[in-house]
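Listed below are the structures to be examined.
Look for chain A in each of the two complexes below; its partner is chain B in the first and chain C in the second.
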Partner chain A sequence: MSSKKMFIVSHAPFWHNRSNIPERCYGMIWAAMPAVALGIVQYGLPAAGVVFLAVGTAILAEWLMNRLTKRTATITDGNAALLGLLFAMLIPATTPWWVVMVGTLLTVVIGLHVFGGMGANPFHPVAVSMMMLTVSWPAFMDFNAALVNYELSFNAVFPLSLSKNLGTAAVAGFTPLDLLLGQQTGGIGSTFGLGLIGGGLYLMAKRYIRWEISLSFLAGIYMTALVFHMAAPDQYAGPLFHLLTGYTLVGAFFLLPDNASSPVNPIPMLIYGAGAGFLAMLIRNIGSYHDGVLLAVLLMNLVNPLLDKIRPKALGKVA
Partner chain B sequence: MTSEKDVKLVLSVAVVLFIVGVLCYAAFPIKSPKIPNRIQYRSATGHALFEHIEHNTGYDVECLECHHHHAEDLEDEELLACGACHPQEAGKASDPEVCNECHDEEYYEDTEMMGRMDATHNQCKTCHAGIGAGPIECAECHLL
Partner chain C sequence: MMKLLQSQSGASVFQYPLLPQSPLPAQAIDSIGKATLLIDQMIEKKSEVDLSEGDTVQTGQRLAPFQDSAAYAISSVTGKISAIYPYPGDFGKNFTALDIEVAADDMAAPIENLEPTLESLRTYLVNAPGKPPLALLGDPNRPIHTIVVSGVDTDLLVGTHQYAIRTEIDAITKGIEVLKAAAGAEKVAIAVPRDLISGFGHTGADELKAVPPDYPWAQPKLVLYHAFGVEVPAKKTCEDMGYAFFSAESVAAIGKTYLSGHVPVDKIVTLIDKSGQVKVVTARLGTPVGKILQAAGIQTSDRDRLILGGPMTGTALYDEKQVVRADTDAVMVQDAADVSLVSDYSCINCGECVRACPTRIQVNMLVRFLEAGQYEDGAELYDLYSCVDCGLCSYVCVARIPIYQYISLAKYELARVSAVAEASDEQ
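After this line comes the complex of A and B, so read on.
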């Protein structure tokens, strides 16, 4: 009998959409461009510096890890560049260079390569790195502190900080149109609602991400925020506000649908997305953080293997 | 399969992006404006974000109403920040050490320099109570 390996079967996740990894990664980078562009227009060249430094560091870190682990260079697949870009989208434009570099290295090394590289990471690498930075240097991740020197044409207090501390009346000035047009403080690429929604629709249309995850997450945010708002309208802001502030839209279209850390079957995808939305709103409204999206992503990443146990039964029976 | 040429190309792009990023940081550093837009007072009880320019231009509060220097001929750029006299920790030695090193004793008692926390609470709450506008309760300013 020949010992030649005819077929190599790997475990999930996999599905066929006639695309490949580089196409998906570069597609996601293009989809993020409108939101990043508005951030650079709003915060100027310092924001561009953060983006360039993060993307450059991420690719170099990936290459160094490839060399260190004696693996084939994977920097051409676009995944490292995408992770660097996503990390830059979530942080303030004034983040010091060394925090950008530490955060990017945490993303690529701790979030990704420690687990074996792309496809093997149980958590979204950017969410891992962001939470490590938030716990280690909270002042740099505090938008109210980071953006004090900017003269902005809108209320410069982070909307989720206002709603959490002062209730619905304090955020009445943020209209949905303002939020859609990026008239709010936040990460470099996480405030331009229209750009993120446009990017998300493109990603879903191209099937780079699964609509089940993104839309169920947004539905989870909406329904949970609605219940809170109906229970105490003065204390908890409405669902539309929560859909368009913080990391909601970045989370829905760029973080949660990560291939390796999200479920592969439709029903688990719906539970995964809705569960993340529910948890994000619980953390926002009754937890200690202003924005719960990153923690919700990590928590749902954690239960992802359990969710994938919900799957169609195989036909036939064991003899 | 990735070719060596592609790897070199992406690596070159990464090096260029890295250098451009460093240059952006070096050439366009975030500078604090001469007159601060906003000031965040960090505290364990929640950070208070003070809209500095908004008080001056939006609410028409004159500089010297808060920056209580004793001379009226000071130019804006010479105004001292609260922390220049009021130490961050109450009771800690400061320069000046007592109010009357600058203020006339007919206006101020010759007391030890007030800490920054007491000074800002006193200043903000007295003014807000006087005009009947602005936050007075703790949680209205201190955002956790």
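After this line comes the complex of A and C, so read on.
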């Protein structure tokens, strides 16, 4: 009876559903792959260079921050790689190497680690760094200027700047099918509508993102764009155009549902998503930026803690 | 079993299994060699007790060795006391352990003066199989109006209460009669799995309640909520609301005592092996867990996990010498390969726990307070006391945070703090 066997002692429960963080991060990375692949096909090696540089810099930055904060190295869990990849998906293929590196460092260090690392970021790290770059170096973030030297088989003017400056008629050439198939300019991984939708469906099916947020955001975009379009059809493009251009889809499936900066209760999730859609369309149609998705993400991130106060009453809670 | 559960995520897939339609007679575990009895008071020096090593005891003999305390044990075997020593348990519960070398002849000691009164029950049955919560009864400040005889097991894969209610219905009928006479409760209700809800008409129970098969609806607070329509306020207990939960096995033990004149000493135990196969056995109270596993042909090896209780709420043991106690409903062995460990990630706010929680606690927020040791704030702001201890939050946690452990620790620490505060108030 006095065996030398050593049993593992821990607290209940002794079962786990086997979910884990790396699985989620790499799942997100896989989901982004179709959109990134089309970007690389369209813009060639420079796009691949941007992607690899961003991912590499992000992993390096994560490792440095792990060292600095004396924590376990978390570079293999895929979160840093995911952030680098998401950042690369939003920027033009011609972004200079130093802007890519600065942006990625801002993402990982300022967006994530100064707040305490994964799970503690109040804003989506990529939205933070993208807005910092947009304010600091607007020229590099302007798709029309950045992609001027590319020979593309489609209209190479950024659709959202066309619609903003010239009205609905100017974007009549962009059919929904073109937009779905990525026949538009934009960030490396943010133009291939079909790929992003496929990735989003995969993420929702795997429950890596919460469908309430993505779908209510798309509904918010659609409804707001519809109202604008009905009020002034010549001035404001239709809802389908807005669903398939700019950062709408990448925002819906990759930015807005970020775990740490979004709510978890059903009603707050719906308000959060729909609110972001509404704000994004306000900025697009009457604000000064061409695309409002990133700002809308940041603004809704800001109210997320308040939204999550709307919660069901716990069992036995005395009012 | 494990595979099926792993392939799906989320809470609603967990269902309590029913035992086979005609359960086989439980396998009896005999010839145990040595038994260890636990008395609910820790010994500090040997002179404190009237027993000494070398004394002989008989099965069913009442041992109350402390001069200044009523704590006692009923010997579950006949034999010679080989050791008396202090025995520290979990969460500050301490015992005195008596090792008994089992003799060849089993001699049963009779009970004297058995009446259907609370006093008689408390004299003999506090640590009877199933551990009837007799301390809840007879408190004028907290009257119990309904006794719930529970034929449902709170943890997954455990079939002990279900087995008792299906096989010992005569003893339970007698037990209900005794409890009604002794406790002064207005009503006795039986709670059973929804699919078994028939054939309890002659038991003398006033009500029959069906418990849905989804985990964790067999937790007492949730049974009250669903079957009785009573929502227990967060800081209150079922007893505060006038309901006392007795396991079917404990009521059967009461019934058997009054039917036979002997306190039962055999405990029903559900054994769960590495593949999730379930087997019901009976064993003497105080039998070392290792003996039971050996007799049932379940192998253990290094780095396995050995658990008293079920997979969601049990207690991990560090060795096989730990014994079967009055409330040990299950013994589970988990293969080293199936052991999942916690991580040192902090919460990533994915919300899986919030969706899994049967009592709608904002676990994601609660765990932030508990990780920082802010237990009062956690209780005040994020409903710590609504928790019914089901463990689903830890089960689904992507960051593999030991949430349930944080919750248990917080409740324990807060209980300690309030006990100290009450003690200083009295002075």
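Miscellaneous remarks
Basically, the second predicted complex is superposed on the first by the 297 of 319 C-alpha atoms of A that agree within 3 Å, B and C clash if a C-alpha of one lies under 4 Å from a C-alpha of the other, contacts with A are read in each partner's own complex, and residues count from 1 in each chain.
Quick note on the criterion: a contact is a pair of C-beta atoms (placed from the backbone, for glycine too) under 8 Å apart; a residue touches a chain by one contact, two chains touch by 3 or more.
What you see is a predicted model, and the numbers here were worked out from it, not measured in a lab.
By the touch criterion defined above, A:Ser19 reaches chain C but does not reach chain B.
Of the two partner chains, chain C is the only one touched by A:Val264; chain B is not. Look at A:Val148: by the touch rule set out above, it reaches chain B but stays clear of chain C.
By the touch criterion defined above, A:Leu203 lies against neither chain B nor chain C after alignment on the C-alpha atoms of chain A.
Contact with chain B, but none with chain C, is seen for A:Trp63 once the two complexes are overlaid on the shared chain. In the superposed model, A:Thr72 makes contact with both chain B and chain C. After overlaying the two complexes on the shared chain, residue contacts for A:Ala274 are found with neither chain B nor chain C. Legend: residue contacts after superposition of the two complexes on their common chain; A:Ala314 is shown touching chain C, with no touch to chain B.
When both complexes are overlaid on chain A, the residue A:Leu162 reaches chain B alone and has no touch with chain C. Residue overlap on chain A between the chain B contacts of one complex and the chain C contacts of the other covers 72.
The part of chain B that touches chain A in the complex is made up of residues 2, 6-7, 9-11, 13-25, 27-33, 36-40, 42, 46-47, 49, 53, 139-140, 142-144. Chain C makes touch with chain A in their complex at residues 2, 5-6, 8-10, 221-222, 225, 231-234, 236, 288, 290-291, 300-307, 309, 311-321, 332, 334, 336, 339-352, 354-355, 358-362, 364-365, 383, 385-386, 388, 391-392, 394-400, 402, 404-405, 408. On the side of chain A, the complex with chain B involves touching residues 44-46, 48-57, 59-60, 63, 72-77, 81, 93-94, 97, 100, 139, 142, 144-145, 148-151, 156-157, 161-162, 164-166, 288. Those residues of chain A that touch chain C in the shared complex are 1-21, 24, 72, 116-120, 207, 210, 259-260, 262, 264-265, 308, 311-318.
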